[in-house]
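Handing you this structure, nothing more for now.
Chain nomenclature is as follows: A, B, C and D, assigned in order of appearance, with residue numbering initiated at 1 for each chain independently.
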Amino acid sequence: MTDHERAPIVTLTDAARHFGPVRALDGVSLSVAPGDCIGLVGHNGAGKSTLVNLVNGGLSPSSGSIAFTRGETALQAGVRSVFQELSLCPNLTVAENLRISHTALTGPGWRRRARAEIGASLDTIFPNHGIDADAVVDTLSIAERQMVEIAIGFAPRGTEARLVILDEPTSSLDAGIADQLMAHVKRFCAAGGAVIFISHMLGEVFEVASRIVVLKDGRIVAERQTAKFTRAELVDAMGHVAAEAVESAVAERAFGPEVVSTAQGLRARKGEIVGLSGLAGHGQAAALAKLYLSRSSSWHSRKDPDVVFVAGDRARDGILPLWSILRNISVSVLQQGARWGLVNGGAEARIAAEWKSRIGIRTDNVENPILSLSGGNQQKVLFARALASPAPVVIMDDPMRGVDVGTKQDVYAMIRAEAAKGRTFLWYSTETEEVCQCDRVFVFRNHEISAELTGADISEEKILEASFEMQEAS
Amino acid sequence: MNPLSKPWIWSWLAAAGAFALTLGLTSGRGAGELGYAALSFGAFAAIVGLGQMLVITLGPGNVDLSIPATMTLAATLALKTMGTVEGTAFVGLAVALGVGLAAGFANYMLILLLRLPPIIATLAASLIYQSLAIWSNRGLRIKPPRELADFATGQVMGIPNVAWAGLLLAAVVWVVLERSVWGRWLLATGQNTHAARLAGIPVEMIRAATYLSVAVFASLAGYLLASFSGGAALNMGTEYLLMSIAVVVIGGSSIAGGNSNVPGVWGAALFMFLVVSMLNSYGAGAGVRSVLTGTIIIAIVIAASTRRVRA
Amino acid sequence: MSFLARHRIILPVVSLAVLLAATFYMQPRAMSYFGLNLLFNLAVPIALATIAQMMIIMVNDIDLSLGAFVSLVACVTATFLNDTPMLGLLILLALILSYALLGALIHALDLPAIVVTLGMSFVWGGLALFILPSPGGASPDWLRTLMTVKPPIVPMAVVASVIIAAVTHLLIIRSGIGTVLRGVGGNATSVARAGWPVIRLKAFAYGLAGLFGVLAGMTLVGLTTSADANIALRYTLLSIAGVILGGGEFIGGKVSPTGAVIGALTLTLAASFLSFMRLSPDWQIGAQGAILILVLTARLIFSRRGEA
Amino acid sequence: ESGTADKRIALSNNYAGNSWRQAMLQTYEEIGKKAVADGVVAAADAYTTSENQATEQAAQIQNMILQGYDAIVLNAASPTALNGAVKEACDAGITVVSFDGIVTEPCAWRIAVDFAAMGKEEVDYLATRLPDGGNLLEIRGLAGVFVDDEISKGIHQGVAEHDKFKIVGSVHGDWAQDVAQKAVAGILPSLPEVVGVVTQGGDGYGAAQAFKAAGRPTPLIVLGNRQDEMKWWAEQRDANGYETLSLSIAPGVASLAFWVAQQVLAGEEVPKDLTVPFLKITQDTLDESLANTPEGSVANVTYSLDDAKKVIADAK
């Protein structure tokens, strides 16, 4: 490669971004050159998304500078972003969404060209994706949408993609598709493209990244070639206690009577942690939502609810965006302290304060708006909301989306402790590793339960086997 | 905290401005009269506005366009039942509120069972209520019983009785929204109904209760207005369609739902009366009056929203 | 997803067809060139107004001032455009521009469109009163001729409806810029991130609404031959109902221009159908509500099927 | 025998939301039913729209053309905006007779009330009662409507002639008691003493209420024939000798229009422009009118065929 080709695509010099008193990014210097694949890691709220937004021009820095080698703006420099929150237009087709990003695609016949372009990009990254370029996005599953978004990120779009930023791209993808993505990222970088890859799944980061950058509280605390990091060192640098090796299914515990039993075959006993697994979009979320809705009412609410729900798709199913953190937490327990139908403000504040510290929500004041929290911290609020309620059954729809390693460990511990006290958890996760910690696992395939695994049977191989079997047969 | 960041303050400032400008003409004479009239007529707008506010709080697309028809139908049936007979005021009130409940129930059923968008459901239903009002009384204007008329036009401690009714209702709505569990549920439902349901909130109960409330408020306003102005007329509710929406939004409630503002409704109700009085007093013709009213409404909204962003 | 849920347009088409069949059954005379023209010619301005409303709903806003705006345009058309065509044209252009500015203002200051347009309805109404304190004015001759032209085989009203639907379909559904505009309704943030100036897009959508509002007012005058300040006030609600009837949704940029035109035709036809039923005057108003409910209830059947 | 036994007449009405219109619909219905029963005409249907909008009414007229009526009796939302539809009706051979709200289309008949004269008469009356003149408050109707403009013109013309009067305030009461009451209550505090109130009908009682609530002496309010106004007037008269004038067009003019249409259909030569006098109630006729008017309605007269013939003959 010539020097010119090695010239950095983007260079940040001491870039900082403050939101009022919050120093989301506190002086970061970084440069990304062609061929780089940078793994960006850090705890929830470390400033990763903020960094991304500075690079792609979504936010301007409070101080410091961002310089592109080619062109003035991120777009001209060939910088593309795939965002943490999905950002397609749900009312448009896949091809039309490409048109939105590809501003130069005009004139008669643009539709045909868009179809071809997005089709090619999807085929390259996700062979056998099965997504129709004329499908309207809101008819796609969340995983398919994520795939489309990634494909748009890598599509040529008139210019050439030089730096693609992926902010937690795999959080709603299952393992197989995530592998396809990582293979593509490697190919892309080998061909002279650059990628910034943000993930809380350290395994992925180790697999794709050539260099790992660790952010902590808005500053870069470590930056090394991937080979020079061990997993423990990395976790350490992020400021977490190194995670103990995941203990596989807890020694046989005694469970109480059966408390959940659906027509579909989903069953759970008191005190049991039940996992739902399988490929993304095969009916797990729908099964859980149906279960929740059938065991709660939209006409009356009881002081002692039967079930609570932890949403994974925060914006759609969880967050009440106009409210403070406090109100978001307390909404599930309002009735407990209420007298004559009036909210007990003291009890409310106590519960919020307790959970802020128990689950480590990073904020200086629970009266702050919920939207001032980073994605992962918003997710913690949803956990707090559910766990604060006394409901005996907790339903969790991929609740760890975007939660950092350290917090995950805390939450696992909390779940185990609550289960020991007799609560039942139904837990859908796209991460097989998580599912493997459950007492019992139901694997879904085509909206049906294809396998029920218990005890020693719970293993990644068995789950994968049950997820794919029929597809190979057909 | 900067008081200008409260979204409701602007409607009060505007009302005060219109009040002062009107009195500027008479160098202060008639302040009492004007204030008294503003409280009397503002009360009706405030009552329907409080109801509309609850509905708008339910989130985008929620609005009740049947308020005028409900007012008319409730008033018509109540006055017909009372038939100027003394001592029937409470019977009439019961009839009016009953009509309100029935209309609210019908509206909600259209929304729930037929899944019509509320804006269309209430619009269609309002045409039916209007027909019912015509059919039941053929537009005859029956006077309220004297004691009721006296009550409606009377006053206690210098404040008109109808204003007391409006203030009392505002206080109740304020407590419900700001302090009660039910109010929290309503605000949550307005932000994201789906998320609220998954957080264990009985959203259908909330929606049903809200649509019942707005209709009951409208029927109460209709009953009071007919008693106040000497009888029910078929067109008595007409101006309260835009009025009810205007007082909610001028009052600083978010039209996107999940956020409401009781004091603002009263401020805006007073403003809507005072601005017309002011323009009339200055001899503005219908055209000027209309253009200025519109401009002031937009100015208030801009002031309120830009302040909010900066605060 | 079912066939019907995917092709939302079928529902409005079927509603219109059923209503038309019922109308022909009640009043066979309507089944003629002359009859169809009488049934539908007043639907032309309503269809244009519905398209205008659709442009606003497309970007997640709602326009409560449309009726007053169309009335104002009608007043301008019947006075200035007739007496001093150049001045009239300038005023109409200025009105379209002010709609576009309104869209930019609403976006720039993040104002609730429903409130701003509520305020604007007073402004437009007041201006209309300035121009025509009492009904009057006259339609420009060319406009009258245009609206009463008798093309062969198919009446003008039907031809006009088809043209309106086709043009707006090309513009909003097929063209690139239309796609981006719908994208603004679907997810404005992502459109902005892709480098589009959303403020200009919104101004453009509002400008289009202004344009179609102007066309609505002009065609209305062509049909009625004169104007007054209140002439089209009911178009506000009518146009909203038309958009919804045509399969549009209030949020998310889901609109259908063809559906909107059909929705407008359906609403117009519904009123005629009722008058052919010869109800007692007491119930004529209520029956309009009932038929609105009935037509929209058909949506329910479709969406239930769609879910299954 | 009349030669119209197979003819069908329709009433096109644009608004049903007040007592005047309801009385009009009722009169038409009564007279129509009787005419059909007597075999004078084959049908006399009534149609009404809700919103007082010319567009809706134009569609209504077009439907009547399709339905094959022989004549349309029309109370129009606008004097000009229906001309297109009216012309179409005429071209289809339909007789169109407009009344109250008349249309300017030359092919139609017009039964008009001289609204400007009505406005002027109000001021003339005030001049006889208040020779010293003084301040007047004007309550107008619905802005942008022809009748409102005409009456107001007449009033201003009257004031110009009687220069001792001065209009110190003008509000729009939309021909509704409660709207008028509200508008008057809002402007009163800023007004000097008011000696007279000129109105357009349907708003006098509201004005009186507003004056009472403001604690001002009741001025001389010209009334508009509503029963509640007349009742209030009678009460005032009995209590303190209050004296005023009440005038308005009678809703029964619909029956006159019906008979005129019948006469045209019967082949009679009928001039295109007819006038009806407005219905005037004075101190002397108050009790009689009050007795004849149903509770909550409007003073009315029903016109017979002979009345119609007489009106036609007068116009020739």
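Heads up, the rule we're going with is that a contact is a pair of C-beta atoms (placed from the backbone, for glycine too) under 8 Å apart; a residue touches a chain by one contact, two chains touch by 3 or more.
All values reported here derive from a predicted model rather than from experimental measurement.
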| item | value |
| --- | --- |
| Subunit B and subunit A - chains in contact with each | C |
| Most widely separated chain from subunit A, with each centre as the mean of CA atoms | D |
| Of A-C and C-D, pair with higher C-beta contact tally | C-D |
| Rounded Å distance between subunit B and subunit D, as computed from the means of their C-alpha atoms | 32 |
| Where subunit A and subunit C are represented by their mean Cα positions, the distance between them in whole Å | 43 |
| Inter-centroid spacing, subunit D versus subunit A (mean Cα positions, whole Å) | 71 |
| Contacts with two or more other chains, residues of subunit D listed in rising order | 16, 50, 143-144 |
| Multi-chain contact sites of subunit B, meaning residues that touch two or more partners | 127, 130, 134, 138, 254, 285-287, 290 |
| Sequence positions of subunit C contacting 2 or more other chains | 128-129, 133, 284-285, 288 |
| Every chain pair meeting the contact rule | A-B, A-C, B-C, B-D, C-D |
| Interfacial residue positions of subunit A with respect to subunit C in the complex | 56, 58, 73, 75, 81, 83, 87-92, 96-97, 99-101, 103, 105-107, 110-111, 139 |
| Contacting residues of subunit A [partner subunit B, same complex] | 289, 292-293, 296-301, 305, 308-309, 311, 316-323, 327, 331-332, 334-335, 338, 341-343, 385, 389 |
| Subunit C-facing residues of subunit B, complex | 60-61, 65, 110, 114-117, 119-121, 123-132, 134-135, 138, 242, 245-246, 249-250, 254-256, 285-298, 301-302, 305-306, 309 |
| Subunit C-touching residues of subunit D, taken from the complex the two chains share | 13, 16, 25, 29, 45-56, 58-60, 62-68, 78-85, 87-88, 142-146, 148-150 |
| List of subunit C residues in touch with subunit A within their complex | 1, 174, 176, 179-180, 182-183, 185-187, 189-191, 193-196, 252-254 |
